[in-house]
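The two complexes that follow have chain A in common; it is paired with chain B in the first and with chain C in the second.
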Partner chain A sequence: MIRPVLLIAFPLFFAFLSPIIGLWSKKWVRYLIIFATALNATLAGLLLLEVFQHPVFDIIGGFQPPLGIVLMVGPLGAIIAFIINLVAFIISIYNLKVEKEPIVRYSMLYLLLVMGSTGMVLTGDLFNLFVFLEVTSIASYSLAAYNKDKKGFLGAMKYVIIGSIGSTFVLLGITLIYSELRTLNMLDIAARIGTMDPYVKIIAFTSLFLGFGVEAEMFPLNTWVPDVYDGAPNPISAAFASLPAKAGIFALARVIFTMFSFTNFLWFVVIMGLLTVFFGELIAYTQKNLKRMLAYSSIGQMGMIIMGLGIGTTLAVEGAFYQMIAHALGKALLFIAAGFLIYAAKSDKIEDMKGMARNPLVGIPLLIGALSIMGMPPFAGFYGKFFILMGGFSEGYYAIIALFLAASIVEVAYYARFIKIVFEKGNRVIRPDAATYIPLILLAILIVLIGVYPKPILAVLQHVSAFITGGA
Partner chain B sequence: MIPYYYLGSISLVVIGIYIVIAKKNLIKIIIGLDIMDTGVNLLLISVGYVKNATAPIENVPGPYVDPIPQALVLTAIVIGVSVMALALSIAIGIYKKTGTLELDEIMGVEE
Partner chain C sequence: MKRVLALTLAILLFIVFAMAFAKIPFGEKMSNYPDYYNPIENQTSNMSLPQHYLTYGKNDTGATNMVTAVVVDYRGFDTLGEVTVLFLASTGVGSLMYVEDKVKRKVRRSNAVVETGSKLLFGFIILFGAYIFIHGHLTPGGGFPGGAVIASSFLLLYLAYPKFHAEHKKLNVSESLAGLTFVIVGLLGLIIAGYFLYNFLPFGLPTYLFSAGVIPVIYVAIGVKVGSELTGIVDAMMGVRE
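After this line comes the complex of A and B, so read on.
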């Protein structure tokens, strides 16, 4: 039996082991992160098999809940943790391309980022969730400024300011819940949420929603996203789109469904999601810088997930989770490919990248990733969008569905423009090295596999109906 | 009735948010973040307050104050301090690159 706490303990152990190994050999630190993330992904996969029957509760330190801290892993949490660790493993191969020193600290922060995101998904205690949120944020702030240039520092500063406001709001929400219910255990809160004063309940919900909305890239709180993604090193941009963003949105889902089982308040979530979609997709259309375009596209995708959560039917929430998985894989792939294109073109403007993706080792995965993000049928991204649409359709939200489809058309337009430029006949074709094309091919295989054979994912997503009604 | 210390801590949060939004100097913005953090910590610790109660120590007769908010606020303070340290070090980095901490001027400076 796998204890979920191992998924948090191992990265922490390896993170603080890396400076010691770094004294001896810097090269081995890079392989250490690959090993640590591979181990974590394996453990998460085994955990996923285990929680399939019933949720696993892991009591930390021998203190019984509701007083002690408990990890609460249901099938949905396990699959998000698995995807996070799998993508972290694949990106850690691409980390071999990072040349800027200090590589030891970089490895340490990267492992802490993985550990914090995993912890946010696994924990069953509200204050513990806040602590993991802060671990993730502090690691992300430092990694965002890792390049030590003006772009990186300014992005990180913006992220620190907005992130601190967000975590203050999370703490405010936790305080309000504690003042009314005197408990921090999520299931305990869920059981007694009805006895809360309705005004305090709404203020607490809004605080938590806004606070986790920062990590989940929700509309008014996402101005940091393009600057941070643009200024961070290339592997870190890929990691940001897949690890903390997914952990944040899963925390949001936990807040909406597990803790506050609102049924009539969800229109608010739908509208925030729709605004996020429009903000992201329309600005992405106007971008000339590749990484900024991908960052705005990431905002749009996260908006679609928030919308799916807001519509709140089983089908729509299944779609939202499918979209989380597809986006984690697809955006990681596109950011790694973007890293190669920027390196090959020696410029971050899309127009300078004519013909840079004509090498099949980059071109084919890039095409698969872009088509999956657009939502084309044989790839992973299709099911997510389709389920969200069907969920909205069955509820009769026709206007929202129409706007969603309009935003998707904008998305297709700018990805098509990008693909046309990078596959045009150019002057020279640059061969990628193994650390670039191996992660690309691995991610592309996963996207095609999930798209062609969605049965295992759908089997996990069956548990969504239990999740909506307040389960783990 | 709402106790006055609730109003005090909420007003600290509001003052902090105002500073973050209105000020153009990075150091002042970081101070604003710290004030906001302090306000929430104060709210958290006052939630556990019980009148005429003592700290929950064995062999000391009760009534006791709620110990959980004290444990939580210690954690929150440590986290707040680390975020402030990181924010200040990023501000130092910005100053080294651009020679200014005013947001209006930073945007105009070429690296």
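After this line comes the complex of A and C, so read on.
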């Protein structure tokens, strides 16, 4: 039997161990990180098989909740944790490309970023969620500035300011809930949320929603996103799109469904999602810098997920979760490819990258990733968008669906433009090295696999209806 | 315009939150608190969470200091997270302050009073810090304040001797070993009793030094860890001096 707490304890153990190993050999620290993330991905996979029947509760310290902390893992949490750790493992191979010192500290920060994101998904305690949010965001701040250039510092500084405000809001929300209910366990809160004063309840919900919205890249709290993605080292940009962002949006889902038990249409959430989609997609269309374009596109995709959660029908939430998985894989792939293209073109402008992706080792995965993000069948991204659309359609929200489709068309337009440029006949083609193309190919295989054979994912997503009604 | 907008937003936020906090009674009788509900066993208790901590805390954890009982035992997992946050902060500062070709900064000697005074005080401050975290389960204090006191003794040395340099490798090793101790204690609990961070050592007699099971062990680890981390942050911020 796999205990969920191992997914947090092992990375912590390896992170604390790595400075000691670093004294002896820096190279081995890098391999240790790959090993740790691989171990975590395996454990998360086994955990996923286990929680299929019923949710697993892991009581920490032997104190029954709500006295102590409990980890609460249902099928949905397990699959998001699995995807986070799988992508983290794949990116950790790409991490071998990072040359800048101090590499031991970089590796530790990366591993703790993975640990924090996993913890945010697994925990069943509201304050524990806040602690893991802090772990994730503080690791992100230092990694965002790791290049130590002007761009990196600018992005990281913005992130620190907005992130701290977000954390403060989360803490305020927790304070309000605790002072009324005197408990921090999510299911305990859910059971007694009705006894809260309605005004306090709304303020608490809004605080938590805005606080986790920072990590989930929600409008208007996402001004840090383009600067951070642009200034961070390439593997970290890839990791940001798939680890903390997904953990943040899952925390948002926990707040909406598990704790506050909203089941009907949430105007507030849908409008925020729509604004996020439009903000992201329209600005992405105007970008000339590749990483910034991907960052804005990431905002747009996160907005679609938020919309899916807000529409709140089983189908739409299934779509939101599918989109989370597809986006984690697709964006990680595109950012790794972007890292290669920037290295090959020695410039971050899209127009300088003519024909740089003509090497099949980069080109084919890049094409698969872009098509998946655009939502083309038979790739992973198709089902997510399709389910969100159908979820809205079946409930008759035609205006929202029309806006959603319009944003998708903008998305197709700028990705098509980007693809056209990088596959044009241009100057010489550069061959990528193994640390670049192995992660690309692994991610591409996963995207195709999930797109062509979605049955296992759909089987997990069947549990969405239980999740919406307040289950684990 | 920008300022007016910012001010309006601040006032609006203040009003919204003040109205929410106005609906919450402060310092009310603990018996008025709502009873807690155990979602796993599916049963409602007959007392509230704070009442349970105060009534059964000594029996459950063996600690006399109830704050410590909650911080290290009931919610020890959060503390492990907080320790990680500090570890991250120190690692982050270390990685951002790292420079390949070090520019040495010229510094002046401090005066004789500070130098002699710091020599005298250094040992006592360390002793006091160690006292605070070793007695964390008995008296007010614990690993975090104890570690901060220890770091302040090093800060004194930095002020008195401008060329003083704590050895980075040693700091890193003590930091890591302390962190590993915490995680290993947790994993031992998992192996011995089936719960991560389970208090598996005998509780002993409350109010005595050797009591409360693993709490003193964890607090000593936290004290060492916080002390070396804060010293490391001070050291990284000081840069290289000549």
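Heads up, the rule we're going with is that the second predicted complex is superposed on the first by the 469 of 472 C-alpha atoms of A that agree within 3 Å, B and C clash if a C-alpha of one lies under 4 Å from a C-alpha of the other, contacts with A are read in each partner's own complex, and residues count from 1 in each chain.
Simple rule for what comes next: a residue touches a chain if its C-beta (ideal position, glycine included) is under 8 Å from a C-beta of that chain, and two chains touch if they have at least 3 such contacts.
Note that the coordinates shown come from a computational prediction; the quantities given were computed from them, not determined experimentally.
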item	value
Contact breadth on chain A, by residue count: chain C or chain B	C
First, second, both or neither for A:157, with chain B first and chain C second	first
Partner chain in contact with A:171 - chain B first, chain C second, else both or neither	first
Touching partner for A:149 - first (chain B), second (chain C), both, neither	first
Which superposed partner A:134 touches (first chain B, second chain C, both, neither)	both
Chain B versus chain C as contact partner of A:70, first or second or both or neither	second
Chain B versus chain C as contact partner of A:5, first or second or both or neither	second
First (chain B), second (chain C), both or neither touched by A:179	both
Intersection of the chain A residues that touch chain B with those that touch chain C	127, 131, 134, 138, 141-142, 145, 148, 172, 179, 182
Sites on chain A touched by chain B in the complex	127, 130-131, 134, 137-138, 141-142, 145, 148-150, 153-154, 156-157, 160-161, 164-165, 167-168, 171-172, 174-175, 178-179, 182, 184
Chain A-facing residues of chain C, complex	16-17, 19-21, 23-24, 33-34, 36-41, 48-50, 52-53, 60, 73-78, 80-82, 84-85, 87-89, 91-96, 98, 100, 169, 172-173, 175-177, 179-180, 183-184, 186-187, 189-190, 193-199
Chain B to chain A touching residues, read off their complex	13, 16-17, 20, 26, 29, 33, 36-37, 40-41, 43-44, 47, 66, 68-69, 72, 75-76, 79, 82-83, 86-87, 90-91, 93-94, 97-98, 106, 109, 111
List of chain A residues in touch with chain C within their complex	3, 5, 9, 12-13, 15-20, 22-23, 57-70, 101-102, 105-106, 108-109, 112, 115-116, 119, 127-128, 131-132, 134-135, 138-139, 141-142, 145-146, 148, 172, 176, 179-183, 185, 187-188, 191-192, 195, 197, 199-200, 203-204
